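In the two complexes that follow, chain A is the common piece, with chain B as its partner first and chain C second.
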Partner chain A sequence: MSIEEIGVRGKAPDRDVGLSWMSRHPMVALLLRRGGIGVVTLVIVSIIVFAATEVLPGNAAYAVLGHTATPVRLHAMEVQLHLNEGLLAQYWSWFSGLITGHLGNSLVNSQSVWSLVEPRLINSGVLVATSGVIGILAGVLLGAYAALRRDKWFDHISSVVLLAITSLPEFVVAITLIIVFATVVTHLLPAVSIYPPGTYAWNDPKLLVLPVVTLVIVIIPYIMRMMRGAMIEALESDYVQMARLEGIKSWKIVLIHALPNAIAPTIQVIGLTVLYLAGGIVIVEDVFNFPGVGQGLVSAVSNRDIPVIQFMVFILAALYVVVNIITDVIALLASPRRRLVR
Partner chain B sequence: MVESQSIRLEVRDLQVSMNERSTDVVDEINFSVRAGEIFGLVGESGSGKTTLALALLGYTRRGLKISAGSIYLDGVDILGLGESELREIRGSRIAYVPQDPAAALNPTLRIGHQIRELFHAHPNAIDDINARTDEVLREVNLDPASGILRRYPHQLSGGQQQRVALAMAFACRASVIVLDEPTTGLDVSTQRHVLETVKSLCVTHGVAAVYVSHDLAVVGGLVSQVGVMYAGRLVEIGSTSGVFSTPRHPYSRGLLNAVPSADRSEILVGIPGQPPRPGYRPTGCSFAPRCSEVLDRCLTEDPSPTDVQGTLVRCHRVAEQAPCAISARRSRPDMHISDAMHRLEVRDLSSSYGSAKVLHNVSLDVRATACTAIVGESGSGKTTLARCIVGLHGSYTGTVRLDGVELSNTARKRNRQQLQEIQYIFQNPFTSLNPRKTIGQILSQPLEHFLRLTSKERTERIAKALDEVSLGGGISERFPDELSGGERQRVAIARAIIVEPKLLVCDEVTSALDVSVQAVIVELLRSLQEVRKLSMLFITHNLALVRSIAQDVVVLSGGKVIEAGDVEEVLERPQNPYTVRLMRDIPKLTPSSSTLPM
Partner chain C sequence: MATEKRTKSDRLASATQAQWIALPVRAARTRRGMIGLIIAGIVGLIAFIGPFVSPHSPLTFLAVPFAPASSSLPLGSDILGRDVLSRVLNGGWLLLLMAFGATAFGILLGGGSGMAAAYFRGRADGIIMRTVDVMLAFPALVFVLLLVSLVGPKIWLIMVAVGLVHAPAVARVIRSATLDISERDYVRAVELQGVKPWKIMRQEILPNLVSPLMVEIGLRLTYSIVIMAGLAFLGFGQAPPAPNWGYMIQENRVGLSANPLSVIAPAALIALFTIGMNTFTDAVARVAIGLERGSSKAADSGSTSNLMPVTGAGEVSA
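After this line comes the complex of A and B, so read on.
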């Protein structure tokens, strides 16, 4: 047999030129497919949100007015909510408003929905981003470290602590932090995070600390456990053993060989964690009175402020869809085996 | 040739132990390798050969430690070196070629990165990294201009991956290279080329190599010295010609007997039983529980190595017995099979995966009570063909007839009796048995599905099937992961025969097993075929195996039948050049250098 037959078979150099294009190709396909599915999901979500808030619980106007419902006010409210129109027409007027940015006004104080929701979105965004970045970094690093120190004291202690934290609901963590840092034990930090109207979360970072710490504590265990497991698997792998046998330096083995391979499976968990954060803020914001989407949603629900509820729920659903797409793209980028066709 | 006489690697009294318990898993290892020479290290799985191979680089897996001995690399004891000195010599002075390059190459790094990283780790080894990269790739018959450096490991074929691993081992001009079963999973032709490459590189660069394998035939044409390893010790060390022509340890004889021959049709004789678990060496001679020539003394007294004409042997009977060669093998009895009845007829079968056509108008027959072997390399379509026949791959055209009745394309559409009559045995017994079910439950499943039996009848059937595959009844309470590979494959065979099928489809059923176990399994299948009057479709990449089991053979290449007929006829007088090449590339037991011309 000749060299041609047993060497790089039938793989002419020109295929490599094509390879860079090919490498993008599955990515484009994935983005298009996921984007398409995302749009469909959002349309379905909009229908469900609409149905849940306007159609299902009997008469929405009655729900809004509650005890103050007189026949005259009920009729006025029905007209305001377009309840006197057909279902499809009602949905369409809401959905088209959603797309064109005409979100309507709050039922409580007649301000536009957007002006009410916008600062809350920004505040919650700051909260989620800060705690997400800190929690993910800490989780990944602590998990990797625990794997490197496998069966040593750090690993044992951290796994017990993690188990304990996982069993605590976030409001318990939040209240414990308030007791320790803001009320009974010390008074280092404010117990509530009330911002004056017109200011944002970054105007007073001190108010951010306890909500962020609560969320960080809650999300670290999941990421850390996943990372520890994936890292142990990577460290036990043949390619890491091979790198050791090739005399590669230990820190290079950890950073270049093990870590990238361990992060790939962890990305899915990180994505789930970000999604969890989007829901977790509802409770944490409520506990700290933090002026974000979560707290806004709680007060909108108790005020029966339907246009605000609809928009916030829709925004949260959109976040789920977007985060899922981003997670998939990053996971694909992290794995050449899936990214590049053979 | 460089310094051909100097000893490059010398191992003295090496011992590897478990960390927690002080029991050793590898012990009393003594051998040396000269420049340009290859030392063969042979033994079954669990014999400690990989542990020893890694220990040669001063490395142990988690839970193990090197507890005694010395390893002299060009005269320097590497076990006396510190961690950073050890790191400097690993990869540059002593290198390792892994068993499974697909797992040993990092999937997230390009080939070029991995090679460059090796050079960067050893800055003093090579001056011109780019030139050396190109040179070493050419030495292993890879074309550096083909863009291979920009590829990720999964974009290469198995043979190419192994060549990359070889290139990396030779890249820094190491003195010693340790190869751990580097050709497992490769086709015979690719294996032959890899072996030739290893040999020529060792000779031209004066490298001393240690080559680990479970298959004596593979090392036969390659190595000058061979060490047979059992239960963590070397039970026989000698020149290859000495050990191959007059094996003095019963275990060496067992390993030699297990190698299938492409030249004669013989009954394969495996080694019964299995090696002790690492760290659980029995008292006395460790091989005694499996030895057919055991004395009382063997059970109590550990034999020490005895020198017999240059060969060191650990056996009490080495002095008394005349060295016997492996000529004692019996030839396989002829079976009288009528041509009249065809159990299975495949006609013009074509199939594709997506747009890739993998089978082109394949036709073949399995005669009643006979075995037809399908031989082909990976990618030849042989597994797809088997899957079409059993109804697991429905998208094919052509016909499959069982006893003259055409079968539907998919198993779902076949009736219960048709499903029962064809049983399939999978390649890998480590994944084909449900790990959460006991052996009894695994065997009971097909009975419940196909036959209406009382639970007493089922128990009897299970006991009988286990007996037929030489497994004790006590095994039915155990779980698959408590069993060895050979035992698991017997369970898989029992699961297939328990419903009394007419046709058994065996898809590479021995490729995941040691040669010594392979012989036992093949012989088991052969006797089942004879006793139960079974018809068999035996799929394999190993032409030599065909001779020991099949009456008819079909050679498959690129999805086409390129040669078919009587086994003796095809193997004695192959017509197609491809078959000729396959025959030539089979590793043969002859220890002469003629198998690998240098």
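After this line comes the complex of A and C, so read on.
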């Protein structure tokens, strides 16, 4: 421990308690700050989701009823949606519902919103986690391999294929897989992933295959590209050159020296990938009729089931915010230089 | 040093108009760029000329549902027995126009606010960039779905919503590009002459943003098509009887085994357009990097040369 450091530590007790505690643990201060920003963002997001139902042209009750709106039914719907109360009261009753879990009932089948969304959250969680883990692992390994084979045929072909895949919409990838594996070419796998009520995604893993493969194909290019770049940089770095000169075996250099250093810059992209998955599941789940949040959102939007829409949009946005913070923090932890600057 | 920059800025300013055209033209001359442009161009031609050459009305019932391809119906019939070829020829122009509109809106809004944030700094910067942060807290498609669920799938709304989705990402890119330009000596010099901020942004800063803006336009256009086709696929596009590449995939997928072409044709067109646009944008970005490094040859060197046969082949046959 250097003298300067001790000096700083010695000064700390003079300040007020909160500050000294924070200055001793810069990471804690950082976590608190990012967490605070996250909470504020979530509150703003909740206001926007709520306000969108309020401010936009056409009142929500009318949006729900559409052509069947009569003054009497409109009024009944307004009461059900609490539209007859003041704005603040409406927001507050919705926001407190978010925290306590009392989210009201679906307008379509009057089930409680939470009981509708909960199984879907679990299913989507399984889908995102499975495809996330497979996609990230595969992306990192393939990226590292492309870097090792730089300018060889694998690298060339993969870079073109990647450019093509990144430009494809998810549903085109999904439909192609359905054509190849589930209908026209072969019938190896089911074309839709419909689960009997009461069962979860893990009850029938076969139904999970095509949705997972679709998402994996869509996310791999981003991770692979980043990993390739980072790996090339690591392989050209002084410490790898040094290790080479010391005569360390080349597989050891790759595994111990280059790979860990290349993964650090890739973390940001991995975070972005998880973010992408939060939105990407909407279309992929719809293609396969997979009973997750994404498909639930689409059918809620078709039915204009506003309480369900509000909650699902909020959940997906919340996931977004949380993942964003986690990625930031991990990225900071992984790079000492940036940790000190902040 | 200052005089050197000054002359460079003069040269840039006088060549502003030319630059907007020169960059894509240069990109189109590279192998990658040419192939991308040709692929996207063919799809664009099909979309915009298609309505004039379609053999049948896209709405009349001509055959049994999902009739396989024949001499009278080269791509077979769809779920209601309509001509798939005619629906494909009529189902692209509005999709592409909407994507252009959304891209223009997103670039103008995002680029404008990004420039303003970087130029004015301080409070304006804070407000704009915090707004950007919050907007980026929504998954893009979810945000559009939220708006569509409340107002209904109106065409103007989808364009505005998709444009709004682009704006924050564009703003971030343009802000960071503007930051270092607005610090340069020649900008400071014009400021001291009392020129109005919007004029400085337009005449001194904008010409330096040609490369990042061109790349953003390409990326955003591709992304617009992806989102709009996706929305149409989910059933939130034009109202059903009207043909739309995205929705055709959805409505015809039940007949995939009977007449796969009814799904493959629109899917292939969407895929080809996005792949073509993305490849072209990639070429623009490479040329821009090459220009920055001071040699236009860098863009077309090495890695691109061996790849080209692969790009088109696998996809065209789909």
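The definition used in the following text is that the second predicted complex is superposed on the first by the 308 of 342 C-alpha atoms of A that agree within 3 Å, B and C clash if a C-alpha of one lies under 4 Å from a C-alpha of the other, contacts with A are read in each partner's own complex, and residues count from 1 in each chain.
We adopt the following convention: a residue touches a chain if its C-beta (ideal position, glycine included) is under 8 Å from a C-beta of that chain, and two chains touch if they have at least 3 such contacts.
Note that this is a predicted model, so its numbers are computed, not measured.
Q: According to the stated criteria, A:I175 is in contact with first (chain B), second (chain C), both, or neither; which is it?
A: A:I175: touches chain C, not chain B.
Q: Look at A:I44 in the shared chain and tell me whether it touches chain B only, chain C only, both, or neither; answer first, second, both or neither.
A: The answer is second: A:I44 touches chain C but not chain B.
Q: Looking at the overlay, does A:A278 come into contact with chain B only (first), chain C only (second), both, or neither?
A: The second partner, chain C, only.
Q: Just checking: does A:S237 make contact with chain B only, chain C only, both, or neither of them? Give me first, second, both or neither.
A: first
Q: Please work out whether A:Y200 is in contact with chain B alone, chain C alone, both, or neither, and reply first, second, both or neither.
A: Touch status of A:Y200: no partner.
Q: Considering only the touch criterion stated at the top, classify A:A317 as touching first (chain B), second (chain C), both, or neither.
A: A:A317 sits against chain C, while chain B stays out of touch.
Q: Of the two partners chain B and chain C, which one touches more residues belonging to chain A?
A: C
Q: Scan A:D286 for contacts with chain B and chain C and give back first, second, both or neither.
A: After superposition on chain A, A:D286 lies in contact with chain C alone.
Q: Could you pull out which chain B residues touch chain A in their complex?
A: 54, 57, 59, 61-62, 87-92, 95-96, 98, 100, 103-109, 117-118, 121-122, 141-143, 145-148, 150, 152, 154-155, 157, 159-160, 168, 189-190, 193, 581
Q: Any idea which chain A residues touch chain B in the complex?
A: Listed in rising order, the residues are 1, 3, 6-9, 11-13, 15-16, 19, 236-239, 241-249, 252, 256-257, 260-261, 264, 334-337, 340, 342.
Q: For a test of understanding, state which residues of chain C touch chain A in their complex under the given definition.
A: It is residues 133-134, 137-142, 145-152, 222, 225-226, 229-230, 233-236, 246, 249, 253, 256-257, 260, 263-264, 267, 270-271, 274-275, 277-279, 282, 302-303, 306-307, 310-311, 314-315, 318 of chain C that touch chain A.
Q: Residue numbers of chain A touching chain C in their complex, please.
A: Where chain A meets chain C, its residues are 41, 44-45, 48-49, 52-53, 56-58, 60, 63, 151, 156-157, 159-161, 163-164, 166-172, 175-176, 178-179, 183-184, 191, 275, 278-279, 282-283, 286, 297-298, 300-302, 304, 306, 309, 313, 316-317, 320-321, 324.
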